[in-house]
Structures are given as structure tokens and as C-alpha cells.
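In what follows, structures are represented as C-alpha cells.
What follows is a pair of complexes built around subunit A, which joins subunit B in one and subunit C in the other.
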Partner chain A sequence: MTAPTASKEWYDVSGVVSVQRVYPQGYVTLRKRRRARRVKDIITSWLFILPAMVLLAAFLLYPLLSSFYLSLTDYNFVYSPKPEFSGLSNFVKLARDSYFVTAFRNTLQYTVVFFPLLVILALLLALLLNSKVKGTGIFQTAILLPIVVPLSLAGVMFTWIFSEDFGILNHLLANVFGLPGLRRFWLGDPATAMYSLTAVGLWKYTGFAVILFLAGLKAIPGDIYEAAKVDGVSPWQSLVYVTLPNLRGSFALVGAWGIIQAIKVYDQVVVMTNGGPGNSTLVLYLYAWKNAFEFFEMGYAEAIAYFTGALAFVISILFNLVLKPEKR
Partner chain B sequence: MKLRRPRAIVIQKAAVIILGIFASLIILSPIIWIILTSLKDVNEIYRVPMTIWPEKVVSTNYLTVIRGLPEFPIYFFNTLKVTMGTLAIVLPLSAAAGYALGRREFPGKFLINSFLFFVLAIPYLIFLVPIYIIEDTLRLLDTNLGLILPYAALNLPLGIFIMQTAYREIPSELEDAAYIDGANAFQTWARVLTPLVVTSLAAVTIFTFVAVWEEYMFARTLMIETSAQTLAVGLPTLKVEAKSWAYGTLSAALTLSLIPIGVVFIVLRKYFVEGVLRGSIKG
Partner chain C sequence: MFRKLIFLVIAVGILMFGIGLAAFGEEPKVLKVTAEAWYYNKYPMEEAAKRFQADHPGVSFEWSKAGDFEVAPLMLAWSRDRYIADIAIVASPSEAVAFQAKGLLLDFEDVLKGEYAKDKWLKGFLDQCSIKGKVYTIPTDAEVMCLVGRKDYARDAGLTDAHGNIVPPKTLDEFYTYLKKLTVKDSSGKTIRYGMDVNWSPEYMVYTYFSGVQASRGTIYDDQGNLDFSSKEALALLSFWQRGVKEGLISTSSLVDHNGPRNSMKSGIAAFMWEDHARVVECGKVVGPEKLAIVPIPDSLTNGTIAYTMSLMIPKNAKHPELAKAFVLEQLNAPWFAHYLMDNWGKLLGLKRNLEGRQDLPVWKSVFQIAEKAVGLPKMVDHAKLVDIMTTEIHTMLKMQQTPEQTLANIRKRIRGLNLKPLE
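And now, the complex of A and B:
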């Protein structure tokens, strides 16, 4: 297939068709040499990309195909000799599994609190960092620092902060703010456990969303603000009518990213409550993980994983449709 | 045009600085609290009424971590080895692949880019079960390599995208000049083009470093033995073992574990932010 393409290209580029008639031999060697060079070029390109592709094929492409097949099988890693094809039965089982329904509901509960707060807090902090005042670099470092704290270790830190007797949160509420009525066993009470986990997620992820908004803010051309100022627009109006509409792209990006972070909540849940008390913080990722590595139901675990992936995918697509940036 | 009075500007600046300090303090407060706890004597940590500032600053918790907690150096060096190993794979591979995808034409390019993009959107959890089965077969569980390989694969797609954009932006005159001087493709890539994309390599470094340092689910599943575990997995298990009484030691260990990544982040923060800025404006 390469040969005709190569020769056609040769015709098109040089346009010296007559050469072929006058010097047929020279044409042939030229074409051969050209084709050889093209083949060598392709081989060189593939040599550059091959090491990456081998790794990706072994640890992403194969697992992807394998996981899809597993989700359609009944496979207990300990007892089954090999995966047994069972069609969509795992997905049918999901609807009847009350733990799954609980996990789904808990994940949604986390998302509904996490997501709007993430967007609002990140936007406010980005506006703050975007102001042209010297020294915001220090604030930027401070606000972004939680990005590098592993979420599991943040979980340990917050377990200590939320602790009932020696936790600083209860101490501050009771003795500093004078609100002893608000003292709680934050992680031990089903009513507050999920909100406590949400707070940890917000602490960890807001910084990254701030950078995403900051990118959008920096991309707004300054002359729009100049023009608005000339028209006598107040700072508040320029925020509502100039800044926010120009951040559509960032909202779409933070939206898609934030939804994914919410739906894949896992690390701090394992460290702080491991799904408890009761099943009040059992989330989808944790339930899938428990199925795979506590009950060894690999097929069913993959079905939950695919459901979670599809959920994140659909919601982020919706976001992008609603907030699609206008084409320039 | 109405000029704003200087006084209004001063007030505005002051407001920004006060709000900035306030926001920074709130965000840093959990870390500050852990550091304060780590400097307190055990009796003071569990005393009612509690104190916020240490009455007497002690170093016993840090000494306990260094002398009496053999797990800590194990977790620390595992994390370091896995991070370095992953970087040693991700940096050259994403530079090579990024160059091929960004500057060369070859059949299969579109397919590869579509695959990379698709993979970026897939939750890690989906890969975990098959990777566990592969590593169980290949006896890679509980080895550093058993974390390095999946981490490298998971972090390559983003790295390749960043490097691809970086190589594409280089003007072609430089490359042509190198070829005229008789350099081959490999020499051109290594000597002429790559030195021009060092900032993007720095961005890939910081993204990968942070992602590996904080990864929890894979590390927890694939590394079961203490001897193979990383900080993100190991330190929380100390909490479980210690129940609630060893927060002095635990907070000292947490503080120590955050120092290396904190330093790397503060040094490379600019590239991290720029990497996100450039990527998201284009994306």
C-alpha cells in the first residue's frame, strides 16, 4: 500500500512526469531510494515510540481489555480455576445489591456537597490570587501546598483533628468559640462522618482547581477590563459580566475534573472510616475494592468499576455540553 | 476615564493581603497543627484541658521516629526508590514518544493519540484487578518494580501529551540545521531539541513525582508486606496499630514524610503551575 502512495507523491511534488520517459532507470532508482528513505523514516519514528508503547500495552491496554472481559465473567480469584463467562449478569446483580445501592447513594451524597463547594472556594481563591498585589506568590504556595500531601496522610492528620476527646476541632468549638453544643464524635457518628470525609477531600483538591481557574483568569485579555472601566463599570459588575462569562472553559474543565475526583473518592475513606460507621461512608470505589480484594469477586468488582467509570464519564460529558466554550 | 484615588488602591491591597493571610492560615492549619503536636510531650498531647502551643518544645517524638520506628526508613526509601524508578522510565519514554508524536509523521500516530486520550479518562480502579493478576503471575507483588511499572504506565499518557506539545512548538529551522550538519534523528532529538524542552520535562517531573508520592490504592493493593510499602500506605497502618495513643510519634513521622515532597514542590512549583496553565488553555 505504501508503494503507490509514494510514487503518486513523487509525481505530485516534483511534477516531472516527463523524466520518467526520458530517464526510466534514474526514475526507478530515485523512487526506490525515496521509498527506502520513507520506510526508514517510519522505522525511526516507531523506534522512538516503541518503548512507551510496550509499557502501555502491557500495563494499560491489556488490563483494559482484560478488565472488560472480567466484568462479563464470574470469577473468584481464590476458588475459581478461571473466569467463567456470564454475560451481563454482574450488571444485573448491581441493581439488586443493597450494598451497591448504598455505596452509590453515599458517593452521590459526597459529590453533592464536595462539588459545589470545590467550585466556589476555588473560584474565590483564584480571584484572590489573580489580583495584582505583590506577595501573592507566598499565598499561592500556601494555598497549593495540600496538593502534595498524600490524601491518605491527610486522612491521618484529620483523624487526629476530628478526634473526640483530644481533637483540636472539638476543643476550638467548645472552648474558643464557646459553642460546646457543636462538639461531635465526627467520624463515629453516621450523621457527620461523610461530611468530615468531604472536608478532607476539599482541603486536598481545592488547590488544583484554583490553578485551573487561574489559567482561565490569566487568559482573559486585559483590554476587556480596560474597556469596561472606561464604560464606568463597577468592580462587581465587571466580575459578573466580564470575568464569569469568560471563564466558561474553566468551569467546564473544573467541572469535569471535580466530578471525577468526587466519584473516585477512596483514600481518606479507607484511612478514616473504612466505610463505617455501619455502611454510612461506604463509597463505590471502596465497595469495588472490597469485592476484589476482600471477597476476591474480581468479575463483580470490575462491573462496579465500569459502572463508576461510566458515571464519571457521562457527568463530565454533560458538563462539557452545557458549558461548551463558544468557538472563536 | 475616572482615575481611582490612591487611598482606595491602598485599601484594596490591604484587603487582598488580609484575605490572603486568612485563607493561607486556614489551609495550612492542619499541617501547622500536626507540626505543633509533634513538638509536644506525650503527656501534654493527651491532657485536658488541651494546649495549642507546646508548653515545652521537645524532640523526643522525632527521636522516637528515627531510633525506634524501623518501619519509617523502610517506607521512606521504598517511596524514594519507586518515585525515582518511575521518573527514570517516564522522563526518557515521554520525551522520545513526545518527539515522535509531536514532530514526525508516521502511520498509527492518530491511533496512538486517541488511545492515550481515552486512557487518561479511565478511572485507575479498572486497571487494578488485571494488574494485580499479572503481578501475581509474574511474582512482582511486594517488589519495588511491581509499583514502578504500573506507575510509569499510568503517568506516561499525561507526560507524552505535555512533551508532544513542547516539541511541536520548536521552530523547524533548528531541526533542519542539525540535519544539514549531518546529524541523524536520534542525535537531533537528544542534542538539539530536548535541551529546548527542559521546562516541560520539569513539569512532567513534578506531576509524576506528586502522583507517585501520594498514590494509595495501587500501593495498598500490590504491596502487602511492610518491607515493600510506601509512606502513603505505611504511615496510616501505624495509626491503626497504635490506635489512639501514639499521635506524638505519628505526627513527627508525618512531618518528616512531608518535608521532601514539600521541598520539591516549592522548588518546582512554577513549572507545575505553568504546566497546568499551558495545558488547560490549549486543552
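And now, the complex of A and C:
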């Protein structure tokens, strides 16, 4: 840091002291250069991120704002000449629409069953894969394989598995396990349809949650376990007092991701039941889709989509707040 | 200077040659067709193209396959004058209404003359393609709702005449006794062969329901001129269905799979199917055509049933609309094309002449008898909403979660705000 060579002081009319520092000629030039370089750096960094910003603005921000505006309008894509601003009427209508209420209730039901099962199953499988038992490679492949299978395709496969008359599940129950009384029309019975869809969701998404937990498990330093072992901690205590607290971050991640997957459930529903029988598997995104592309009610569909998005957002935030990793 | 002049002359010459080519050269004529993928498997499009090319040299074809016919993307593209295709197949009448409402379709009025004049078409099917008196689409997959029955099962149950033909049931009550005789259950009481499978999928719900109402009442409207969800016949129909399901006589496979009934028929676990007539040919390929017969829905020979058709359309921004119309009429409605569809898939087209020469076959004789009295459903702005409401409420009833009376009351309540006025 170059020190000023001198300073001038003077008093203005109100008696305030002003100080002007005097720097050597070379120092002033250096500062100017530094400032110019800093400005150049800022411009360069902005130029680097500009393409991403433009793309984000065009494909994320603009559609978000545009669809939000649509949610505040009365607009039938086919029969309305143009969107007409209607304020919050679409959101008010949601509360009075019994089909929407059913879709909301079904989505919550799916989430309440899917989410804890996803976390528990994924954690157990991750612990299994992280252990030194033989054959983990085969398990790993089997668990991760569903990730690469598109859910729509899996939906077709599971439709046949769950079929009342031709399905392998009923065949196994009746003819292999000798439990004919457990045969069901799994997808056609309102009592079992949503649980069948939940099973398909778990089949698809557990693998990815396992990866997230495995990453967390690998990040726990081995010396903690060694220290615990020296202190005579049992494997169960090691799990409860060492492993789980250190997986807080993974829990937050799997939690937020899992809840979003649950609330935006759509693919297997549209392929396997299309919301039926009756409305027993109608979920929020399917109802939004129906309003948009079957009834062409774009404004109302956007309101449902925004409600669903907001729901996922709020629950994820709450979850993250509860499971926020402690600062060390 | 002389050299420059030579260059100038050559340049002008090349330019003139280019302009000449552009002006007098033939622009390649490519007819682009977009359709759902299954359409290309069932319809002999390549052969139709070859025959058309023989009559119209210089025309080539480009096929585009779509998974499902999605109205919104096509409508968006056409609204912005984006060229997608010259011919789009397959739209339901209600979808065609949406396109017409946006003013995106060309009508066929100018070409429906001579051998293609309107009176040469089956009225019920052409009506389905008309909006406010103008024909905007052409039938591609015309069908009538009826019963398809297994003759061998019926014979074993004593329901056939001396010639082995199924005796048509006269009333729903009589049909119920048929179903009881035809249903087979195992020792645990589980049905292993249903008396009937009914197509209650969203695609078919309105056709299935109104075919029953039309057959029993002779109209699909109530006394006030609204779609009938209140008559005693409508209630009897729903009660018949619910009772059949409750007692294990009727399969509900279609509640989650629109292919359910035909799968049941092909695998022999259903004796009857309430669907469209075309399934008789498709299922006959699997179980043997001699084992299947078309049977009219009780009272439909007197009162009629429902006819419907999927259709093709030509957008206003088609590049070759005249050629497209010519291809549609000359090949996609040619006798050879129609007979191929009838023989292989049981599907009908709209021109009457294409049915000639087929009346002697028992299946087609029955179909024509039924088709003569068949009526089309009106085209309505809120058709899709009606389908959704009916599907939801009737499925709920079939799962024993509400009575037929509640079902009809719920439908009446929910359709109150809808625009179901016939567009004609």
C-alpha cells in the first residue's frame, strides 16, 4: 500500500474539515489501471455468464412470468380471442372445485406414503451398499437400473404386472404363494390404485435417493468410526450416534428432492390409470394438464400449476429449515 | 473492355437461365401427411401413395408419425401459419370443432360433387364431419356401437338358434339373464369368464352410454331437449351395468385400460363385448372369425345406436390443398382402400359405394342393419368436459361408491355450466 506523500486540510464556511490526500504521480496511474482491470474483469465475467442468463431468461423467466400472468386471466385457448384479466378468480375457483380438492387430497396421500418410504428404503439400501458384504455390485446394478428406464415405459410394464386377469402379481399371489384371497384389480380398485402407483414411483426413484445417501455415507470420515469403536460403541449406537447425524445434509437433499418428486407425480398416473377409476388417482399435475390440453382452459390450468409449484416450494423450504446442516 | 463485355454477357446469360428455370421448372410437389403411428400400421398408405403417383406424376409423399393426436401443438403451429402437413389424421369430431372454431381448416364443399356428392356418403358419418352445414373433415374410421358375442359360448349356454346364431336379446333384462348364463366362476367365487366386458374408457364413455340410451329410448335427448341424464331408461341402463359389475358378470377392465375389452375378448375371458363393430374383425383374427358375431344392443334395430367417426382434415396453410383433397378422395376413399380396411380391421369409410359387394357377408349385413338406424352425437364446445364428468361419475358408480340415481344427479349438476348446445 503506497502512503500519500502529503495532505492538504482546509475549513469550509460551516467549519467542517476537509482533507485531500496527495499521492505520487505513479501511484495514481497504478490505481487507475487497477480500477480499469477490475471493471474489465467484471465485464468479462458478465460476458461469460450472459449466454446462460439469456437462455434462462428466455426459457425459464419469461415462461414463468408469462404463465403467471395467464393464471390471472380467463383464457380458453380455442374459444377466447385473447386472455382477459380476471385477477385472482382462478385461484378462488380452486377452492370451490371439488375435482381440484380431490386431486389435492390424492397428491397429499401419494406424498405422505411415498416420501417416508422413499427415505427409509433408500437409506437402508445405501447402508447395505456401503457395507463390505459380498455381491454389492449386483445389488447396486439392480437398484440403480430403474433410473435409466423412462417412467412412461415402466408404467406400461406395471400396467401388465398389476392386471387383474393377466398380471403376474395376481398369478404369483394365487398360484405360487397360495394366497388367492389377495388377488385384486390393483389399478381398478380405488382402495389399491393409488398405492400401486406409489409402488411404481418408489421403484423408479429409490435408486437415485440411494446415490444421494451413498455420497453422504462416503463423506463421513473413517476416523470417527474408529474413535467410536475404540470407545466400545455397538454397531447400532454407531448408526444412531455417528452415521445418522452425519447424514443430515443428505437427508435435507433427499427430503427436498423426494417431496418435489411426490408432488409433481404425473407420468405413471397418466400412463397407468389416467386419474381413474373415477377420480381416485387424479393428481394435481394431471388435473392441470387436462384443463390445459383437453379443455383448453389455459388460465385455470396455470393457476393449478402455480398452486402445485408453490406447494412443492413451501414444503421443500420447510424441510430444509428443519434439517439444515449444523455449521461447524 | 471487350473482355468485360464478354463476362457481362455470360453473367446475364446465367442469370436469365436461372430465372427461366425458376419460372418454368416444376416445383417438386411433396404431400406431407401427419397421423398417429398406429394409423400407418392399419391403413395401406404406401400403396395409396403409389397408386396416386401413377395418376399424378411428380408427386411425392412425406409421412410423419405422432404418438397421440395432440390438438394444442398442432393448433398453435397452424395459428402461427407454420406448415406442418397437408393432411392431418386422425381427429375426433370434437377436436375438428376446435380447429374449425379457430378458422384453421379448409372445407371440402368444392370437391364434394359428382361421384363424391354429399348424397353419395353415409349420412350419419358425413354429419359427424359437418359443422354448420359445411363439411370440414372426411371420415377415416367410421364405426357403430353394438355388441360382439362369442357364438361358441352362447351355443354352450343355449342362447343360439338352429343355425348356431346368437339370438339377439330383446331387453336389458333378458340380456342380464344371458350374462348370468355365460359367466363362469371358480370355486372361490372369482369370475374366470365374464358375461360381458364394456368399454367405459374416456375415449368411449359417451358412445357407450348414449348407445344404450338411444337404443332404449330412440333419442339421446330428454323431454327438455337436453342430453338425457334423467330418464328412467338412462337409470335402467346404469342400474343394469352396476348390478352386472357387482355380481361379477361384467368386467371393469376398461376403467384403467381402453384396450381391456378387446384383450378380454381375444383371450376368451369375456363372452360379449359392448364396443364398436370393428372389433369383431380384429378379435376374430385371434379367436377365429367363425366364433364371433355382431349382436345389436337390445332395441337398437328399432331405435338405433350411436355412430361415430374419426376423420382427417386439411389445414388452410397446406402447401398443396388441391392435391391433398384429390389424394383423400381418389385413394383414401377408393373401393380397394375401403375393402382392405373392412376385411382387415373392420373399419368403415364414408362413401356408400364402398359398401357394395360386401352385404352378402353375415358380419357386414348385421353392421349395415345396425348402421342404418345409427345416429351421431352432436358436436359441442364442451364435449371434452362432458366426457371427463361422465367418466368420473360412472366409474365412481361402477366401483359401488354411489348409486345410479346419485350418478345421474351428479352428472346433471356438474354439466349445468357447460356449453353442450349442438353446434349445428
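Definition applied: the second predicted complex is superposed on the first by the 267 of 328 C-alpha atoms of A that agree within 3 Å, B and C clash if a C-alpha of one lies under 4 Å from a C-alpha of the other, contacts with A are read in each partner's own complex, and residues count from 1 in each chain.
Going forward, a residue touches a chain if its C-beta (ideal position, glycine included) is under 8 Å from a C-beta of that chain, and two chains touch if they have at least 3 such contacts.
The structure displayed is predicted, hence computed values, not measured ones.
> Looking at A:P277 after the superposition, I want to know if it touches subunit B, subunit C, both of them or none. Which is it: first, second, both, neither?
A:P277 contacts subunit C only, not subunit B.
> Determine, under the contact definition given at the top, whether A:F293 touches first (subunit B), second (subunit C), both, or neither.
In the superposition, A:F293 contacts both subunit B and subunit C.
> Could you look at A:L70 and tell me whether it touches subunit B, subunit C, both or neither (first, second, both, neither)?
Once the two structures are laid over each other on A, A:L70 reaches subunit B alone.
> Which chain, subunit B or subunit C, ends up touching more residues of subunit A in the combined arrangement?
Greater contact footprint in residues on subunit A: B.
> Pick one for A:F166: touches subunit B only (first), subunit C only (second), both, or neither.
Both subunit B and subunit C are touched by A:F166.
> Go through the superposed model and pick first if A:D97 touches only subunit B, second if only subunit C, both, or neither.
neither
> A:M53 in the overlay: touching subunit B, subunit C, both, or neither? Say first, second, both or neither.
The first partner, subunit B, only.
> If you stack the two complexes on chain A, which partner ends up touching A:R183: first (subunit B), second (subunit C), both, or neither?
Only subunit C; A:R183 stays clear of subunit B.
> Please write out, lowest number first, the residues of subunit A touched by both subunit B and subunit C across the two complexes.
77, 159, 163, 165-166, 292-293
> Which positions of subunit C touch subunit A when the two form their complex?
70-72, 75, 98, 101-102, 188, 190, 202, 251-253, 255-257, 263-264, 267, 269, 381-382, 384-385, 388, 391-393, 395-396, 398-399, 401
> Can you check the complex and tell me which residues of subunit A touch subunit B?
41-42, 44-46, 48-49, 51-53, 55-56, 58-64, 66-67, 70, 77, 125, 128-129, 131, 133, 135-136, 138-161, 163, 165-166, 168, 171, 175, 203, 206-208, 211-212, 214-216, 218-219, 229-230, 232, 250, 253, 260, 263-264, 266-267, 270-271, 285, 288-289, 292-293, 298, 301-302, 305-306, 308-309, 312-313, 316
> List the residues on subunit B that touch subunit A in their complex, please.
Residue positions touching the partner: 1-2, 12-13, 16-17, 19-21, 23-24, 27-28, 30-31, 33-34, 37, 45-46, 48-50, 52, 89, 92-94, 96-97, 99-101, 104-108, 112, 115-116, 119, 121-134, 149-150, 152-154, 156-157, 160, 185-186, 189, 210, 213-217, 220-221, 231-233, 235-236, 239, 244, 247, 250-251, 254, 257-258, 261-262, 264-266, 269, 272-273, 276-277, 280-281, 283.
> Hey, which residues of subunit A end up touching subunit C in the complex?
77-79, 99, 159, 163-166, 180-181, 183, 185, 187-190, 193, 272-280, 290, 292-296
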